[in-house]
C-alpha cells in the first residue's frame, strides 16, 4: 500500500494542476507539499526494506522495492521535493516572468508531477518492459518542460533532446526485445517473462551471444538517457535551457534512473556471462565520458552548460563505480546521493543568478558575493562540493571509488581517472572565482533573501553529513543495494 | 499453410518493409516520405496478420489492428497536416547525397546480417529469415535521422526505426506481452504528437524546418 | 543433327520475332497515348527500306566505323544461341553461361560507343560518353544480379538455373529471386535505352543516348544496327521472363513441346512488353544526373537479393 501511496503523490499533484480545482498559488504549494510527502514515504519504505528485505505489491511482484530501488527512490523524491519547494519560492514567491516565476504555470506543475511519477514508476516496477515505457514517458514529459521558455536556444535544445532521447530509448527497446527473445527461446513463454526476478532466476540458461548483443543495445540506449558519451550531445543543451528546477531534477535524478536501468540489466547479464564483459564495457564508456567532459568543460562560456558538463563527468564516475564490484557500487550509489544534492542546489542557485544578472554567460557574472552574498556562498559551496573537496559527501564517495578501483585490480584506469579529474579541477575553480569576486556590473540589484534559500538547507545537510560519516542505516542500505548488483 | 511457404512469405514481407525504408533514401518529396511510411506500416500489418493466421494467435490480431489505426491512418494524417501547414515540399539538400546514401544503406544491411547472426542461429522459428531485415530497417531509420536536414524527415526516420523494432519484436518473439505493446504504441503516438508540435514551433521561430539552421548551441 | 537444328531455330526466332516485339511496343505506346500508331509489322518494312538505301560515310571514319554494325549484329546473334528461348538446357550451353551472355551484349555496347566517337561528330561523342556512364554504373548491378540468380541454382549456367527453377516452383517467391528480377529489369531499361533512362523515339540533342551513337549511320549498316538493337531488347526480355517464370520452356525436345514453348515465349514477351509500355507512358525521362540514383536503387536491390539468398538459410 505504501508503494501505491508513494506513486499516487506526484500523480495527484499533476491532477490538481488542472484548471478549476485550485488557484495557481495553491497548485504550487500543493505540488511542493505532495513531493515532500513522497520524500517521507520513500524514507519509510527504505526503513521497511532494511527491516524486511523487499516491499512488493501486485501479481508476481509487479511493483517491487529492494535495496537498489530504495536508494534511487531517496534520490528521486529528495531532489523532487527540494526542486518543487524551492521553485515556487519558499517563503516569498518569485516575481512572474523570471525563471522562478514562469514555473508557476499550471502546465509546468502538471508536467512536473507527471515527470516525477514516471521516474518513480521506472524505479519501482519489476517488469522490464513497463520500466522502458516509464523512461520513455519521462522523455515526453520533459520535452515540453525544456522548451518552456520558447527562445531559439530552448527550441533547439528540446528538439535535440526529444529526437536523440527517443532514438536512444528505441535502441534500449531493441535490447529489451532481444532479452525477451532470449528468454522465450531458452525457457519458453510465461506471462511474467519480463520481470527482473524471473529473468535473474533463469539467467544461467540464456544464450551468451544474444545476451551480449542485448546488453550492448541496452548500454547504448539507456546510456543516451544517462548522458554517457558519445551519446551525451543533447545533455548540455537540454540541461542548460530548461527552467532551473527542471534542470535540477533532470541532472539529479533522471540520469541516475537511466543508470539504474543499466544496472538492472547488468545483474541479469552478469549471472549469464560473468562480470568481465559488462565491466569492460562500462569502464570503457566511463573513461570516454570523463574524457569528453574534461575536455569540453574548459571551453564553456555559459555557467549552466558548465554545470551540465559537470553532470556528464559525474555520470561517468558513477558508471565507473558500477563496474568495480560491490565496493564500487556502494561508491557509485553514494555518489548518486551526494551528486544529486550538490547538483540540484547548484542548478537552483544558477536559476536565481540568471534571474538577477539577466544572462547565463560566464563573462557577465561578476561580484556574486557582493550582489547576492547568501546565494553566492551557497553556490560556491555547491561547486566546491562538485569538485570533490572535503567535507562534502562527494569527496568521500570519490575516495571510495578510487579505493574500490585499486582493490579491483585496475590501477591504470584509476590513474587515468585521477588525471582527468585533475584537468577538471582548475577549470571549474577559475570560472567560480571569476564569478564570485570583483565588482558586479552596473545596475545589478543587490541584496539577498536568505529565507528563500531555506529548501537548500536539506541539500547542505545531506552533503555535510555524508561528508563526515555515513549513518548506520544508510550504510546498511547501500550494502544491501550493492549485494544486488554485484553479489 | 506449409511452413516453407509461410517462411518465404514472411521473409518477402520483411524485405518489402526494408525496401520501403530505402525508398525514403531515394525520394525527395516530403509528402512521398509520409506515404511511404504509411505503406511500410501497412506491410507490417500484413506480416503480423500472416503470423497471426499461422500461429492462431488472437493477441497478434489486436496488435495488427492497433498498428493499422495508429501508424497507417492516424500518424500519416497528422504528419500530412504538419507538412501542408509548414509548406515544406522537398527535402533540403541532405548531408549525404542519394547514391551514396543507397550504398551506405546496403552496407548497413550487410552489417545487420552480421550483427543478427547470433539471434538467427538461436531462433528456431520459421520467421527467423526476416530478423536481419528488421534490424536493417532499424539502422536505415537511424541513418535517415542522421543524414537528413528537414525536421519532418527526421521524424519519418524515427518512425521507420520504430517500425523496424516492431517488426523485430513480432518476428523474433511473436510479440511482446500486451501491456508492453500498449505502452509502446502510446509512447510512439505521444512522441509523434510532441514532435509535430515542435515542428510547428521551429517553423514559427526559425522560418524553416532545416535543422542545420539551429546552430546556437554548439559545444 | 538435332542440336544444330535447335540452335538454328533459336537464331531464326530471334531474327524474326525481335522487330515484331518492338513494333508491338510502339503500337501499344501509341494507343496508350491516344494515337492510332503504326501497325506492329512496321519495323520489318523499315528494315527492308534501309537495306535498299545508299550508305553515306564520314571521311573521318576508320575501320571501327565499318566493322561495328557487323560486330554488334553478330555478337547479339551469338547471344541468341545461349539464351534459353524455347528449350533448356541448350546444346551450346557449355560454351557460355549468364556471364558470357551479359558481357557479349556489353561488347556490342562498347564498340557502338567507339563508333560514335569515330566519326568526329559531336553528337556521337556525347552519346558515347553518356552511354559509357550508364553502362559503368549498371555493371556492378549486373554482376550482383547474376550471382543472385545463380545463387539459388548453384551455378550461373542458364540451363541449370531454368531447370532448378522448374524443379522448385516455390523458389520464385523468395525475396532474393524477386529482387534480382527487379534489379535486372531496371538494368534492362538502362541497357536497351528505354524510358526513363533514354528515349528511343527522340532525336533531340538533350535527350539522345543510343540514337546519338548511331546518328551517322545510313543504309544497310543502319539496318544491321537497328536490327541488333531490336534483338538485344528481345533477348533481354526473354532472359528475364524465362529466368523468373520458366514454365513453357521445353525440357524434352519434340515438335509439340517446341511449339508450346514458342507460344509460351510469345505470351510472356507480350506481358513484359505491356509492362514496359505502361512504364514508358507513365514515367518521364530522368535527367541525366538522376540516372545514377536509379541505378543505385537497382544496385541495392541486387545486393539485397544476394544477402537474402546467401546469408539466410
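When the chains are written out, they are named A, B and C in that same order, and each has its own residue count from 1.
Going forward, a residue touches a chain if its C-beta (ideal position, glycine included) is under 8 Å from a C-beta of that chain, and two chains touch if they have at least 3 such contacts.
What you see is a predicted model; the values in this text were computed from it and never measured.
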Farthest-lying chain, centroid of Cα atoms versus that of chain B: C
Central chain (distance from its CA mean to the mean of all protein CA atoms): B
Interchain centroid distance [CA atoms averaged], chain A/chain C, Å: 65
Chain B and chain C: spacing of chain centres that average the CA atoms, whole Å: 37
Rounded Å distance between chain A and chain B, as computed from the means of their C-alpha atoms: 31
Chain A: positions in contact with at least two other chains: none
Shared interface positions of chain B, touching two or more other chains: none
Residues of chain B defined as touching chain A within the complex: 115, 118-119, 122-124, 135, 138, 142, 145, 151, 154, 158, 161-162, 165, 168-169, 172-173, 176-177, 179-180, 183-184, 186-187, 190-191, 194-195, 198, 201-202, 205-206, 211, 214, 216-217, 219
Contact footprint of chain B on chain C as seen in their complex: 170, 173-175, 178-179, 292-293, 296-297, 299-301, 303-304, 307-308, 311-312
Chain A to chain B touching residues, read off their complex: 127, 129-130, 132-133, 136-137, 139-140, 143-144, 147, 150, 152-153, 155-160, 162-163, 166-167, 170-171, 173-174, 176-178, 180-182, 184-185, 191, 193-194, 207, 209-210, 212-213, 236-237, 240-241, 296, 299
Chain B residues touching chain C - in the complex, by the definition given at the top: 4-5, 8-9, 11-12, 14-16, 18-19, 22, 26, 98-99, 102-103, 105-106, 109-110, 113, 120, 128-129, 132
